[in-house]
Amino acid sequence: MMKKVLIAGAAGAMGQKAVALVNSLTDVELTAVLAPHATADQRAQLQLGPQVKLYQDRAQIDPKVADIWLDFTVPAAVYENVRFALDHGMAPVVGTTGLTDEQEAQLVAESKEKHLGGVIAPNFGMSAVLLMKFAREAAKYFPDVEIIEMHHADKKDAPSGTALSTAKLIDQVRPKHESSPDEVTTLDHVRGGDYHGIKVHSVRLPGYVAHEQVLFGGTGEALTLRQDSFDRQSFMSGVKVALEKVLDLDELVIGLENIL
Amino acid sequence: MMKKVLIAGAAGAMGQKAVALVNSLTDVELTAVLAPHATADQRAQLQLGPQVKLYQDRAQIDPKVADIWLDFTVPAAVYENVRFALDHGMAPVVGTTGLTDEQEAQLVAESKEKHLGGVIAPNFGMSAVLLMKFAREAAKYFPDVEIIEMHHADKKDAPSGTALSTAKLIDQVRPKHESSPDEVTTLDHVRGGDYHGIKVHSVRLPGYVAHEQVLFGGTGEALTLRQDSFDRQSFMSGVKVALEKVLDLDELVIGLENIL
Amino acid sequence: MMKKVLIAGAAGAMGQKAVALVNSLTDVELTAVLAPHATADQRAQLQLGPQVKLYQDRAQIDPKVADIWLDFTVPAAVYENVRFALDHGMAPVVGTTGLTDEQEAQLVAESKEKHLGGVIAPNFGMSAVLLMKFAREAAKYFPDVEIIEMHHADKKDAPSGTALSTAKLIDQVRPKHESSPDEVTTLDHVRGGDYHGIKVHSVRLPGYVAHEQVLFGGTGEALTLRQDSFDRQSFMSGVKVALEKVLDLDELVIGLENIL
Amino acid sequence: MMKKVLIAGAAGAMGQKAVALVNSLTDVELTAVLAPHATADQRAQLQLGPQVKLYQDRAQIDPKVADIWLDFTVPAAVYENVRFALDHGMAPVVGTTGLTDEQEAQLVAESKEKHLGGVIAPNFGMSAVLLMKFAREAAKYFPDVEIIEMHHADKKDAPSGTALSTAKLIDQVRPKHESSPDEVTTLDHVRGGDYHGIKVHSVRLPGYVAHEQVLFGGTGEALTLRQDSFDRQSFMSGVKVALEKVLDLDELVIGLENIL
């Protein structure tokens, strides 16, 4: 049976990639989009087939129109969107950022009550998702670990969200670990940031795009995980995986790596 | 309860590292060694406590002496050793190479009959083991993959056993995959070896020790797994994991990555 | 004194980048372009100021119009273009490919006669140019070397031109070197291509763009040079260097690395 | 003509490697050693041929005994040793650390007066030496640069001497450079150490030995230099180069990279 998908934010940059993705899949069907500023004469430009319903207002959406609510909207809209999806029996797949920890907790609680699956992922790029998954697994065997992330010079914040998420995942599982208290630095801060004893280093250089390395060391050996994102197009590989799996879940899951 | 361990090949280079490892663990106890050429006056030199039984001949071994048979012997001895262990209710953990595919199949069959656990691992280095495990998992999402292994210039054979094992693991899981039939090479063999469509490249240079990279590429992104072995001491991290888990298994497992 | 530049092929993709580059520099002035298919009403679109002469036909060019002939045209035109430049006292800077070894030799000979400088570079990306320069220098101290180049899956030929150029440069300088004649491969071709004993490995994966590594090994140490090209825009950094230096040369030089 | 070499500190770990090196070369001859605690019956053990003079006291040394003074002694002795060499017409090649900037300046001044060559190198590993040389050269074209050095977990100080030397060399040549003043960090110190705007990151992990990377970024491209030292044996490649070149110099040079 074909899974029916509604895309919220279908006119945005990521939304348009999502439309193209769903149009290209054989077991998923685009049945509706929510695009507040789109008009009927933009249908072709937005790659919407004649059978796709175009909504400008969330309130008008017929809940039967889709099984999955795929959200690439904006921080201001995402919480209400996901609540709407859960309230109306649609499984949310959310690539929009901006949910607070409290909002996420509320949405997860509601999804459990309704036994409704869903996925919220800050990063749908499969290379980043697998890197985080593998890092968490390797840290059980290699508690000594540091993270280096490298981004283009225009990125103004550091560390990257993915690097911080990776540090948090590792922190949850790695055995108790003593860092070196008697280290001496002759250049301040050269040992980088410190997240619960996990050192994090941020590199910013022109030419680079978005890259992350996790370095593990043990007696006589080392393990390195690296991912490179060259293009936001890479997000769609993870969206595809989420669309395949979301209807088999019975609660909202945070992090694509948790359903692989 | 303390697990009792017999080490076969305790006087060899790897066996000696194994003795040191078991001596350092708190939930495992070294109760016996098999060391055909060792004499009683070498006990101290071999790091054997007074309570450890020293056997020079397999036939003399009392099967009750140990729960686990840890084997670092030689290709000519390993098959009969593992059969002996299984026949006498000891769970084999085998780091010795040289078993044929047929011998492995027979031993697995026997272990199943007796519901006896065991592990045979060509490589106990956790960085290599995790690399293989992760590579197999990533290949489900990234069917485009190539392997580069790099070793010291004195290694005369190529590719390395680990690289070939990695290719086999990937081949078992990756989606059907078309390679580029219309590729043109202006320098023969520049595209490397080909294992069922997976390209394998072997580098041999002085200074290098033993390293392997698995490179995955997808639309707009890349994932790279890398492991470096600088020292055979690294094997012991995997032996420790095997000793922890082997008594919970109920059959002989090939590849440490399959019990993580 | 301002250097005057004519750009041949100013309407092409690389030519347009070159126009933007020259317009942005303070010691170089764009005085003319050769663009056979461009018309006067395209001047603004081609970023040509009112003082820039627009030629559609090489024969009409006034030799006094420029000191430097910057060529981003097509293989069929480049030889005659460079001869024209040399014949008329303009120093050629050539990014167009397609010259044969014989043609290059003739042009160099003519430039020497006329004491006229010039640069022909197959690759103007400074990361690639420096990689080649450094590789040639390192090979004097590290004769053991292998090359790995990695490109997107759509590249149909292997190895890349830069990799082959690097191998040639290394071959010219490295001390006599014995490769391992008694190597055994259990997977055919796994040791890669062989250029005079220098192994070359080509990787082709989606997601990758254009990357090259040169690996040197010596007793107890290794040196690795790597360059990544993410965008053809990178070529312009080398064009800038060539424009700065070409008028100080007194012959045509092949390879930007030879004038750094 | 054979160059005659005296090795000071010939009984130490590095000194012994130096003795083996000189014994293996065809154009250099070991004529004397200074080894305060060595006795005549240790000659064989120290690999000293019958013709090699063994001095226990610097004052006894006959200045005619050697052309080159190769010093692998201790910080407390090195300054007086190099002065002695210069005073007596021997060209010093110094691998001992511990000279202050003032002492180095004095020794250089004296060498210039006497037109006597010499080399003082904190690091004789050719991979590190070439890395520093190439980094300085690349920085002219790529002013955006960061350094990552990685060492074993037992190294208590950070950054490494080589990383700091690299930063200093780059700082001397790179064009004026503005760093990002409006950067926001959500994890303190994550951007690493800062040497005149050059970011330096130190990684400390078990398994690692001694490694350094210099990362350059430019529009659409990146250049990475990496060196790995696995073994102190690697120092001897640079000592060989210094022995070859030192008699052609007419002053004391700091840094092997300055005579390549």
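In this document, chain identifiers A, B, C and D correspond to the written order of the chains, with residue numbering beginning at 1 in each.
Just so it is clear, a residue touches a chain if its C-beta (ideal position, glycine included) is under 8 Å from a C-beta of that chain, and two chains touch if they have at least 3 such contacts.
Everything numeric in this text was worked out from a predicted model, so none of it was measured.
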item: Topological distance between subunit B and subunit C, in contact steps; value: 1
item: Pair sharing more residue contacts (C-beta pairs) when A-D is set against C-D; value: A-D
item: Rounded Å distance between subunit B and subunit D, as computed from the means of their C-alpha atoms; value: 41
item: For subunit C paired with subunit D, centre-to-centre distance based on mean C-alpha positions, whole Å; value: 36
item: CA centroid of subunit A to CA centroid of subunit D, Å; value: 48
item: Residues of subunit B touching at least two other chains; value: 207, 216, 218-222, 228, 230, 234
item: Chain contact topology (line, ring, star, complete or other); value: complete
item: Subunit A to subunit C touching residues, read off their complex; value: 207, 209, 228, 230, 234
item: Of all residues in subunit C, those that touch subunit D in their complex; value: 125-128, 130-131, 134, 137-138, 141-142, 216, 218-234, 236-237, 241, 260
item: For the subunit C and subunit B complex, residues of the former touching the latter; value: 144-146, 148, 150, 153, 156-159, 164, 180, 182-195, 199-208, 215-222
